[in-house]
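Below you'll find the structure I mean.
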């Protein structure tokens, strides 16, 4: 099996061009690639379109942030395509001030749109959003007397994802609810960079138990920033 | 967690009504629930519609069969919805003789149609089959200049599936390429009966490594026919 | 005539009665989460959390939190034995595919057509729908759990929602701190009333069409 | 003038040259499977099998067969270290999503428009398309691997397929035992010819429009 390159977070960030469509894993910060996000912020690049479940958590009182929130505060996005912005008041402020475009997508629809992009579907029909503002501008199809929205694929230029473990081939295993959108995004983007807590030799993972097959992953970054392989244990 | 009933194969077969739409896991017999299929044949019931990857293997010279082939030989199906019948000459014979209706579905489309039924989608758009006979009678949609077929969900009354292991709650783990259509079918049918080689206590399976969550499974049958629980090891 | 005092506990207690052993239930953030506290010990429901788990357990002991194990509100949680994890597509497959028996969620408004609004007050507060649109469209039974009145005193039960809808015609039951309503043929049908709020009082204070069920009665926890 | 002798080996040998380390390749049943034998030792391709694996290895030693580990032709196989298993939806997601670099498959007919027929001879032989329609529609590059002639002597390369199509306009390359063709602008472009079959002979014996590439040359394994 072919080994994947293990790179540093700043090298990963250097591969993301200004204005890219960036998919970021995580659910309110749980399972987000925090080191890659910090490197992306430090890179100074911006004008990105974000595809993510949410804009994570920002508490103005304590200053506490999770996931992509520092990039929101740093105004790195031109547009965000997310299901939820309720835990980041700065996203709402920028939206109302006209500084940030926000496309709200129902969470299950977001998941299927990302999957459709990765799995070569031209779209999916969902009952979710029928009769709501989400219907606006979309084709409505009737199948066996029921109305569905046609939702289109949502591909990306870069996926920044987070996994618990990788082997040197790039097979990934996620941990608990830190899985969420990560495996979907790995299928849907031209360049896939996975931040992982541990890298094990090829053959060390049970082939029945791999969540993301190696062929979806381009580069590995170790969470603690070490540029070279070996276990993080 | 709620425990699932462990029943005998003949009790399982008794739950399948004449004329039911039956999803059967397996790929040319690999990963098919052979004991359930034998019990269904023995039950004498028929007029089923089969949803399966294929009609398995029948070698007229040796008489060897795999998977659903004995039910084809026993003429239990009114119709089969499959991707492949090339390894069962009896299916082809019955089709040409007008004794059996055969709907050929591309394998990837079959997988997505079953998943759509299980996952509440009204359909999916696929490029597969555009410009072929598969297009006939289907809606063709153009998305961003590319043509796609609208393929509709394929739900079933009963899924007869095969897994390597279950816990008492009904969580399932499959083995190698015996996985194939089994986890998809578990989502798409009103009644789901899983034949398994081993049943372990609740808590014995890693919750990150479960292929089919317990809520999809109604009954468990042990492959060696024992009506009561315990390991098959 | 009673004076209205907000009572979230009675709402949670009443909703817990819907569940039977084996039911798969999704409890929304806030008031719906309280419902979990009142499920009788002999009833085993399976709680789904849309961020990717089945078999949600109680909060971990302090110091036992796992950064990789949260609920849809980002709070640390635990997993019960027999539970499992999955990705977001599977999670919403479970939801959209009708494999969740009950979803309980809060509302800004709910109307007698079964419409529900809970994700957006245009120009003011726009949290987003998160998983709510899928949960309401996909679950077998949708229970709106809400205090009967806004702080302004207006009833949250409406003839017609005025806010952007989360879903159309999907709400089956509404449980408030006044009573238990079924949504049926374009009306709220009052089946049970709580505390001192009798049907006449409820009808008088609700800006929607309420029909009193023939067997309507007072319910006490 | 040469006399035609079927030569599957040269087809397999030529196709193996397309691959580079890291390529994901699906080899169809029959002739395409032979291609795996000729991949140079310094090139590591990742073989996909549509029944649910990546990292297909060689056949197991006798007695080492695993009933749960087969290829798409139901033959016992092995998995290489670093390989993995998945369900059929994921398998075809990989295929349809363009994550397979090359699919190599046999044909009944292939035409100069890039159309391919290989799943059905109406009224006679109807094996079904299996995964072929998805593989041809979804893979980045489609290589038709076929002996140049039918047993009847007719060329399998056609102006227009007469049998039901497996896919329309999807074939990129055709490798026969006469030569290597690219499908381009409605023609077969002959890039390389094999053995004693020179371009004139090939054009004379093929019922399709063939253009000879400027740098067309004889290829020897």
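Lettered A, B, C and D in written order, each chain numbered from 1.
By definition in this document, a residue touches a chain if its C-beta (ideal position, glycine included) is under 8 Å from a C-beta of that chain, and two chains touch if they have at least 3 such contacts.
The shown structure was predicted, so the numbers you read here are calculated from the model rather than taken from an experiment.
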| item | value |
| --- | --- |
| Length of the shortest touching-chain route, chain A through to chain D | 1 |
| Most remote chain, CA-based centroid, reference being chain D | C |
| Chain centre separation in whole Å, for chain D relative to chain B (CA means) | 29 |
| Distance from the mean Cα position of chain B to that of chain A, given in whole angstrom | 33 |
| Inter-chain centre distance, chain C versus chain D - centres from mean C-alpha coordinates, in Å | 56 |
| Residues of chain B engaged with two or more neighbouring chains | 112, 115, 120-121, 126-127, 174-176, 179, 207-208 |
| Multi-partner residues of chain D (at least 2 other chains) | 53, 79, 85-86, 89, 92-93, 95-96, 138 |
| Overall pattern in which the protein chains touch one another (line/ring/star/complete/other) | other |
| Chain-chain contacts as defined at top | A-B, A-C, A-D, B-C, B-D |
| Chain C partner contacts - residues on chain A that touch it in the complex | 27-31, 53-54, 57, 66, 82-87, 92, 95-96, 102, 104, 106-112, 114-115, 126-134, 164, 174-184, 211 |
| Residues of chain A defined as touching chain B within the complex | 112, 116, 120-127, 139, 141, 143-144, 146, 148, 150, 152, 173-176, 179, 206-209 |
| Partner chain C, residues of chain B touching it in the complex | 1-2, 115, 117-121, 167-169, 171, 187, 202-203, 205, 207-208, 210, 213-216 |
| Chain B-touching residues of chain C, taken from the complex the two chains share | 21-22, 24, 44, 46, 53-55, 79-86, 89-90, 92-99, 138 |
| Complex interface listing, chain C residues touching chain A | 49-53, 66-74, 79, 85-89, 91-93, 95-96, 115, 119-120, 123, 125-134, 137-138, 164-169 |
